[in-house]
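The structures considered in this document are given below.
Both complexes below contain chain A, partnered by chain B and then by chain C.
So, the complex of A and B:
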């Protein structure tokens, strides 16, 4: 236990390199993909990375089947917009409050997770997402229902003394903002899952009874995982309306939860980098298939099924297989 | 009868009619869950495929090619939709469930069937387009009047046909050797295998039966759906709620819960508005999970709750 804790503070050089490469990619991606269209896709991609990371914490590390992650994305989006528009809050303050609201909603779902397991929890969380969606549709006085909220402004510009104003009206700066946040969240979660907290969550995933016999309070740690994961999903939600400019309940249909689930599974559940890969692939794949027209989503469906059938560990497993094939002499000791 | 009593009776009839349709869909989910602890997310799309199959058989093939009358054509289409569902069940078992069965994972088959669902929905979208089809049942025009209560020939047909299907399935499960073997597999697959039962065959059979029911439900529900490639999705979330309220894998509970949800839906439309149906049903679901997580009729499966 102690040895692993030390590791978390003294990162091996390979991790530093990984982080630097990731940062470089975040900086370079919108410069390479220079059109507004592709930069928009990048913003969506960064949000999806956040969502996949958040779901993976609950699903991959804590082992709780959650089919309703879109609910927290929705709560983040709606609470932030409503606070800014109807109550005149500052966006950044509203962002904190909206993420917290999503986190509290996550605690509510955790209350079910304490009592339910497996598919039961899956359907309960699905029900949670359906209820959230229905509230958005029916509570018209606050959410405008299916009519939607229009003309939502992007996050306000940041003015730092001595520097030019940073405006988020274009998708370049917005991508760097959301991508930067995704990077920070990744870094935090990466450290978290390597810490004793991560060990605790994994213990819950593997066997709740044994974990309890080691003195782990399952209810408390499930609440922690759900609360943190839904806060992150809510944070992602805060950037969605300002980017799209409109907010309608249909953006948070339960199908969105399945898409997030697919990202986690396709990338590689229970690993840190897997869901990121999954989010990137599943964001770009439909765009790259756009030339296939109507067949686009059919191919997407087939690809999803095939990945699950033939790569149970997701794309990450494929990468590892290729790596071992290409370098048969290198021993596997260095890889995690 | 007073106005209130008439209203109650009328809405209860509507509720039972809806409930029968939900039971048809939910029973398939619960059967599959019972026998192999898996959820088929594409189940709803089997309903949609059934509805489209029935639509084209009833309005094109049976009337134009076979020269049947409208009523006979619709009845034929119900059986063909049932067959279409069975074929889909056979395929999804061969492609997804059978290969993934031995890996003992509850998540991957779920995701794989989400992929199948995306494929089926968009395949139908490419074939039929997004504009809803008008599927008129020849039985919907006949109204039957009992006192001050009205119902259509279609609702009688739906209730009778689904009761027959549900009854046949129930009798099959309770009284035939194969049905008993099936229940043995759902209780303990390995021990059942030791008793000379072939679990793979029976699991495949369950999926085929469940999917055939979904296809048949599609033919029956088609005339009341807004028939688009995504029509099944509106039914499936409710079917999931019903399966949980009834207790996963529990046939009697599912039948009871299906009828109950149908009646609740009818009264929600009457007193609260149709926009609130899902809200009411899912709040009921969450309350149910807190109060009685084993379902309406409790049985063994305590390990999940």
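So, the complex of A and C:
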């Protein structure tokens, strides 16, 4: 047991280096891409990273097909805005409550989802997203329905003693905030999936019956994965309204769930870094292709199709193939 | 030090001066007004973008011919804002940063227009909108927002009043898509119609994903005598809705008595798609290609010359065309930058365009209701202008 605890706290140097590189990238990216437009795209990218990481926990590590992730994103966005605007809550408190609300919604879905598998679960989760969307559209007294909520302010500034005020009205600070949170979430999930909990989730993914024979309570652990993933998606949703300034139900239609799914699959499902790569690529690619004019969507579609066809393991598979080819062969094959 | 002007030095100096003069002259010729255009080029509303681009291309050819308005050339950059608030927000930031427009034209969908308006207001760049009917857009106190599209209030008020007074309607069923614009139109109609003494028997909304309107038509048929059916939806759904209502023998096109009423949303060509079901349909149009006004006949001819003899311009083509004409007019009146464009727009009264005359009120909304025309679809699917 002692040895195991030591292993958990003693990370290999390569992981430390990876974390430091990620932190450096988060700090440097908005300084390199120093215009409001590109910084705005970085904020969207950070939100997408959170969403892809959350879906990956359910889909990639636990093997549960969830097509309703946009619902939790929406719950986070709406609950935080309603608490702030209608009930006068502090944004940071509202953010915690909204994330928790999304988590509870995830647990509610899990109560039904644990009985289902594969396509059936996919359809049930899709249904959940449709129901959530309809609630947003029709519960007008609370959500304003299709008329939407406008003039939403970014998170309030943070005042730390002895330091200048940090205002999130500019996308530089907002990106560092959302990017920083995405980094912390990544770090937590990375440790989680390497822990016995992660092994349990992977066991469920591989074979539920075998896992049950080892004493794993599948229903409980699936509910855990759903709850945690929806909390993270809700957290991402809290930053969306303040960034766009408006909130309408159409921003959370089921197409968004498929975009999140594409991020996870294109990047590399069941790995930690894969969904991050997927989120970055699928956020930046459409913007970089804008110069291609009307060909943009065609190129985007073809690129996605090619990745899925020839790299079922996602972009990460390509990286691994290249790394394997470049590495010196241990069997001395190079001398033949 | 004594430098004597040798003939060679004088020649070089003269050549440099001439080069500088030519350079400055060519620079002067490059006076441009940059127009950012945000339209849905992808997604379900992409037909707005496709038709809008046609109108803009045609207008640019005309206004940029010769020296251009007041010696300026209008330069356009299109961006796909996809009718989505998030995409529109990102896109408008990109346009502001990379293209540095003096003015932005767009978006079509109200949600996206409402998302970009505060960003342009902050950047002090005028927004000229030609397709969003949500009242909020020109009622939020923005100083840089102008709209040549009649609001839901303007359209709904005239529809409601004319339904009661001119058609003698006393009962109505409201059919509308559940969007900002659809709800606004339905609310206004109901307010005016009921205030006049009419009765709304039912309000039936539908999402943009609905394809089968048979249940709605059957429900209306079961309501008994309905005089008018104000309908607010995009073309594709309205075609299917009209056909379902005809099949249920509710509307005139199917042998019933109810009259379907509609807004500017339906482009030219709707009748051909809906077929006999559209007979008796009365709707507001902002652009009537059959109008004999010279501006309209010239536009029709130019449009056909550019895009094909069989083509008839729609109100979307006309809106985009008019938007460029208005920018050119503002430049002719001395506008050279964003601030002066805003100033010239705010003073525009009675400027003739293909859809009618544009007069901006203090809120930036066109107040001249000459842009609203009523037409009735005849048995042969042609239009008959209503003298309302």
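Here is the rule we go by: the second predicted complex is superposed on the first by the 321 of 336 C-alpha atoms of A that agree within 3 Å, B and C clash if a C-alpha of one lies under 4 Å from a C-alpha of the other, contacts with A are read in each partner's own complex, and residues count from 1 in each chain.
The rule we apply is simple: contacts are C-beta pairs under 8 Å (C-beta built on N, C-alpha and C of every residue); 3 or more make two chains touch, one makes a residue touch a chain.
Because the structure is predicted, anything quoted here is derived from the model rather than measured.
**Student:** Counting only touches as set out at the top, which of chain B and chain C does A:119 meet: first, second, both, neither?
**Tutor:** first
**Student:** Touching A:308, do we find chain B (first), chain C (second), both, or neither?
**Tutor:** The answer is first: A:308 touches chain B but not chain C.
**Student:** Give one of first, second, both or neither to describe whether A:287 is in contact with chain B, with chain C, with both, or with none.
**Tutor:** In the superposition, A:287 contacts chain C only.
**Student:** With both complexes superposed on chain A, which partner does A:297 reach: first (chain B), second (chain C), both or neither?
**Tutor:** A:297 sits against chain B and chain C alike.
**Student:** Based on the superposed arrangement, let me know which partner A:128 touches: chain B (first), chain C (second), both, or neither?
**Tutor:** first
**Student:** If you stack the two complexes on chain A, which partner ends up touching A:250: first (chain B), second (chain C), both, or neither?
**Tutor:** second
**Student:** Quick check for you: in the superposed arrangement, does A:137 touch first (chain B), second (chain C), both or neither?
**Tutor:** Both partners, chain B and chain C.
**Student:** Quick one: chain B or chain C, who's touching more of chain A?
**Tutor:** Per-residue touch count on chain A favours B.
**Student:** Based on the A-chain superposition described above, do chain B and chain C contact any of the same residues on chain A, and if so which?
**Tutor:** 137, 294, 296-297
**Student:** State the interface residues of chain A toward chain C in the complex, per the touch definition above.
**Tutor:** 35-37, 40-41, 44, 137, 145-148, 150-151, 240, 243-246, 248, 250-251, 287, 290, 293-294, 296-297
**Student:** Please give the residue numbers of chain C that touch chain A in the complex, ascending.
**Tutor:** 41-42, 78-80, 84-86, 89-90, 93-94, 96-98, 111, 114-115, 118-119, 136, 140, 178-180, 182-183, 207
**Student:** Please output the residues of chain A touching chain B within their complex, sorted ascending.
**Tutor:** By the definition above, chain A touches chain B via 59, 65, 112, 115-120, 122-124, 126-128, 130-131, 133-135, 137-138, 254-255, 258, 261-262, 265, 269, 294-298, 300-306, 308-309, 312.
**Student:** Any idea which chain B residues touch chain A in the complex?
**Tutor:** Residue list for chain B touching chain A: 33, 37, 39, 41, 95-96, 99-100, 103, 105-112, 114-123, 125-126, 233, 237, 240-241, 243-244, 248, 275-276, 278-279, 282-283, 285-286, 289-290, 293, 303-305.
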